[in-house]
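As written, the chains take the letters A, B, C and D, and residue 1 is the first residue of each chain.
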Amino acid sequence: MHVPKIVKIKRIIEESPTVKTFIFDWEVKNEIPGQFMMVWNLHDEKPMSISMIDPLKNEIGISIKNIGEFTGQVHELTPGDKLGLRGPYGRGFHIAGSKVLAVGGGIGMAPIVAFSEEASRIGVDVHVVSAASTMNELLFDDRIQRSRSKLLTCTDDGSHGLCGFGTDLAEKAMSEDDYDMIVSCGPEIMMKKLFEMVEKFKIPAQFSLERYMKCGMGLCGQCCVDDLGWRVCVEGPVFWTDELKMITEFGKYKRDSSGVKHSIS
Amino acid sequence: MTILEIKLCGIKMRNPTMLAAGILGSTASSLNWAARSGAGAVVTKSFGLSPNKGYANPTTVEVTGGVINAIGLSNPGVDNFKDELLKLNKSVPAIASLYGANPEEFSEIATRVEGLVDALELNVSCPHAIGGCGSAIGQDPLLTAEIVGSVKKSVKIPVFVKLTPNVTDIVEIALHARDAGADALTMINSLGPGMRIDIETGKPILKNKFGGLSGPAIKPVAIRCVYDVFDSVDIPIIGVGGIRDHEDVLEFLYAGASCVQIGTSIMYEGMDIFGKILNGLERFMDEKGYGSVDELVGIAHK
Amino acid sequence: MTILEIKLCGIKMRNPTMLAAGILGSTASSLNWAARSGAGAVVTKSFGLSPNKGYANPTTVEVTGGVINAIGLSNPGVDNFKDELLKLNKSVPAIASLYGANPEEFSEIATRVEGLVDALELNVSCPHAIGGCGSAIGQDPLLTAEIVGSVKKSVKIPVFVKLTPNVTDIVEIALHARDAGADALTMINSLGPGMRIDIETGKPILKNKFGGLSGPAIKPVAIRCVYDVFDSVDIPIIGVGGIRDHEDVLEFLYAGASCVQIGTSIMYEGMDIFGKILNGLERFMDEKGYGSVDELVGIAHK
Amino acid sequence: MHVPKIVKIKRIIEESPTVKTFIFDWEVKNEIPGQFMMVWNLHDEKPMSISMIDPLKNEIGISIKNIGEFTGQVHELTPGDKLGLRGPYGRGFHIAGSKVLAVGGGIGMAPIVAFSEEASRIGVDVHVVSAASTMNELLFDDRIQRSRSKLLTCTDDGSHGLCGFGTDLAEKAMSEDDYDMIVSCGPEIMMKKLFEMVEKFKIPAQFSLERYMKCGMGLCGQCCVDDLGWRVCVEGPVFWTDELKMITEFGKYKRDSSGVKHSIS
């Protein structure tokens, strides 16, 4: 049933000045990195990627960047406070290949860290490119290192790791190493650049898209993308490059809650 | 020509199914997708004069046998929507669903899109519209007639009127719409409205508190509405409400619908629902020796 | 006294559940069975002045999320029914559900059974009654008021009025019933009506063609009716429609019902449903620290 | 789903001048002798016991005595005609014991023959008392004999078998033989007498009751019996003697379609 289940916040981890991870007790069935939850704070409901899946302790986590009204409200909550969760929704990352490059930018690291943990657990050699604007916005370093994935970091201001964008670091990695597959989540301009790169390197890749979501369950059409009309909430949010080639609006524009288009820049 | 082909108000359709208004109908891309998936025609999301964000989330929640929704008619407004209409691939007839607050608004929008679509569907029946746009109209026979009359005067393409079941007597409304010139009636818009309250917090889940009930749960009511109106009104009926398989389609045809629309069940079955239903329908007609969909219409009245 | 105990119009009930009218309520034996199974009160099948065979079969058919029924108010008439009322074991309050064609008939029946029951429930809302007895009344605010007024003048025990959701505005009817003296409102009677047509033969399955929709499918509408009326009417509401578990009961209480009735779900769960629901309710209240059912009433409005 | 399924009449067997058996293709799952179907002839719908269950050929049968409007209409049907069936409904006979006496009177033989076939098949030694008004109303002799059950017949007019009632023959059988259990279906006065008899002989027994039925699915209450209120369509139609002792109206009265009581005589 597509109905929010009320859960209590179990722990909150301050990941950075703007990002918090909220952990819940949750009976893990087949939650997959790249899938998302619809999160209801009793006022509004928004999509959030699953950033942590612990099938042993039966916990999941979501990591939220404070950028507006809703995310601001959620950031004010404390352990014991209630949220409504429904999901998991959408199609997550397909884990394939034995050496994988995972590229996350900003809060896009949320599904990427979950992916790197899950993939490492089953023996995949994961290299993670973690990109942020500045050092103390770099997310999940410790979890990535603990998962035995290789961590490559970069910051826009050079305060940590390579000075530059995630795409620069990813390009470096791709020229130095042979990857079977790439997965990525982050700002769409970053992913657009990465998309062109993987085309050049001829590496299969999956990208996680964000579009405005209302129902999350494939009904309202708010998240449909041109030209095929696919629903990001059901057919996505993760797409292979083959599919992305038919999503002509990728990297160009997205629609807001009334359906008006806004260009991506 | 296949046995599924029909003609509705002069419009040729390759089969008697349509995508219902408001389900994945906000972009040309998704309307084209429905057409590629088998729909015999597509109805757009209802749009109005200006962009409308609709209600805040949660806008939908599942219930036994369907969902309740209070999307609140979010749409980018007629001017932006015209861009979408221009991108329709035109492989199947397209029907624009409109809403407004008064006869003038309806006529204005109708005139602006007349050239881009094959027919109009007037949404006077949304149970959760803002500012008296929805079922507040469709529950008032005279206001309904006024709006239908006004649009009919403004455009030449067929005008369908979509009715709400949330009235004491739907036949009365249907007769008024017919008398005002409606070319066909679409029945039913979502029912109730209904509400779902969260047990842990005691809060109504939808931001708008209540929303229209749709899905298989409302099918018996939709069938009865079609059956009743078929007896008293002589214009075609487009049946909608809870269709999930080809047997449901048959039930609507038997009750008196000339064709049907499919909405909520796309949530359960995906876009493949059109193909599945058409296969089932064609197999059924073939087995029983029916030569055309028309032969099925109104059988329950015999 | 347990935490489930409530008082409704001065009537003490050991818990907030009742057997709904017309489900297994045609004999003292089955009413007593419901009481033994945990019901906090029992409502009889609706009865009228004279014996009534109701419609021929089929009188019921299942649909997604419930059933549609056109039993047609079959009952042995007030005089025979008085024999049943005399055999009630009186372990819980008994409510007689009455129907009639006009104020005089209602008052006549009410007077004859007043001494045998704890309250009356006026059924002005059956969607498939013969001869203008049912929702034809409940869809007319003035006629409803007239009947309520007449019965109130004839008897001293509390009078509940059962409303139909099949109206454009249920709050209007509720206000008229209240103003005419109703002590409580029962909401909702079965919805629609609805119809189900057989695919092989094209025949409406019910002998009466259409019947009232009941069961989980109608719960969202019932909840919304209770919620809306609670906001505008100050007498107790008895919630009914689709209850299957204790969470459904909570939803009704939160919406504003003082207690609830359970009908169709007995088909799924048997008479044990009362015990199961009461256990669930008591456990929930205990866990959350509620001391009485009253504390739960109307929470969704806060 | 409690919805009639339209089936075509496959064969019709004329069992007697007043009784016909109608056979249908039907996917047999766990239909049990003593259970009944709601039979819709597109005009009316009435309860009828399952009189034949063939799990190999996937067929079931019902046997109908022509006594009124509905049964008359069904008797006019021919193979290929359609009926709507829903069910099976109710609680059938529990097969127990190694030597069982099955007592059927008139059309009450319908579930009894199904019982004797089923019980014989699993090795129970079944003796069947088949009672009718006159010789050519005796039902199912051939099937009972084929099932290797022992057939004892009687007729009111002595035209075949013992001259007398089923209860006389049953009493004779009970005094001559040791039965582990009795099952019975027939006129309620017959069953009432048999009920008293088995009390005397202290043999466990099950009886199949008939009451007016509308929904057949436990909703309408039309078939409820005094004093416990049980629904014959769900808790019955088969009851053990223990249960029958609490059905105080047994053998005394039943209610019609409006609920008015009529005494049984």
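Please note the rule applied: contacts are C-beta pairs under 8 Å (C-beta built on N, C-alpha and C of every residue); 3 or more make two chains touch, one makes a residue touch a chain.
Because the structure is a prediction, the values reported are computed rather than measured.
Engineer: Which chains sit in contact with both members of the pair chain A and chain D?
Structural biologist: Common contact partners of chain A and chain D, which must touch each of the two, are absent.
Engineer: If you apply the touch rule, which chains end up adjacent to both chain A and chain C?
Structural biologist: In this structure, the chains that contact chain C and also chain A are B.
Engineer: As a quick test, compute the distance in whole Å between the mean CA positions of chain B and chain D.
Structural biologist: Those two chain centres are 51 Å apart.
Engineer: Express in whole angstrom the distance between the two chain centres, defined as the mean CA positions of chain A and chain B.
Structural biologist: Centre-to-centre distance between chain A and chain B: 36 Å.
Engineer: For chain B and chain C, let me know how many angstrom lie between their CA-based centres, rounded off.
Structural biologist: 33
Engineer: Using the touch definition from the top, which residues of chain B touch two or more other chains?
Structural biologist: 196, 199, 203
Engineer: Please output the residue numbers of chain A that touch at least 2 other chains, ranges allowed.
Structural biologist: Nothing qualifies.
Engineer: How are the chains arranged in terms of who touches whom: line, ring, star, complete or other?
Structural biologist: line
Engineer: Write out all the pairs of touching chains, ordered by chain label.
Structural biologist: Applying the touch rule to all chain pairs gives A-B, B-C, C-D.
Engineer: Could you pull out which chain C residues touch chain B in their complex?
Structural biologist: For chain C paired with chain B, touching residues are 63-66, 68, 139, 166-168, 191-197, 199, 202-204, 209-210, 213, 216-221, 223-224, 227, 242, 247, 250-251, 254-255, 299-300, 302.
Engineer: Where on chain A does chain B make contact in their complex?
Structural biologist: My answer: residues 1-4, 6, 38, 40, 42-46, 82, 84, 214-215, 217-222, 224-231, 234, 255-261.
Engineer: So in the complex, the part of chain B that touches chain A is made up of which residues?
Structural biologist: So the residues of chain B in touch with chain A come to 22-34, 45, 51-54, 56-62, 67, 69, 71, 74-77, 80-81, 196, 198-201, 203, 205, 207, 263-264, 266-267, 270.
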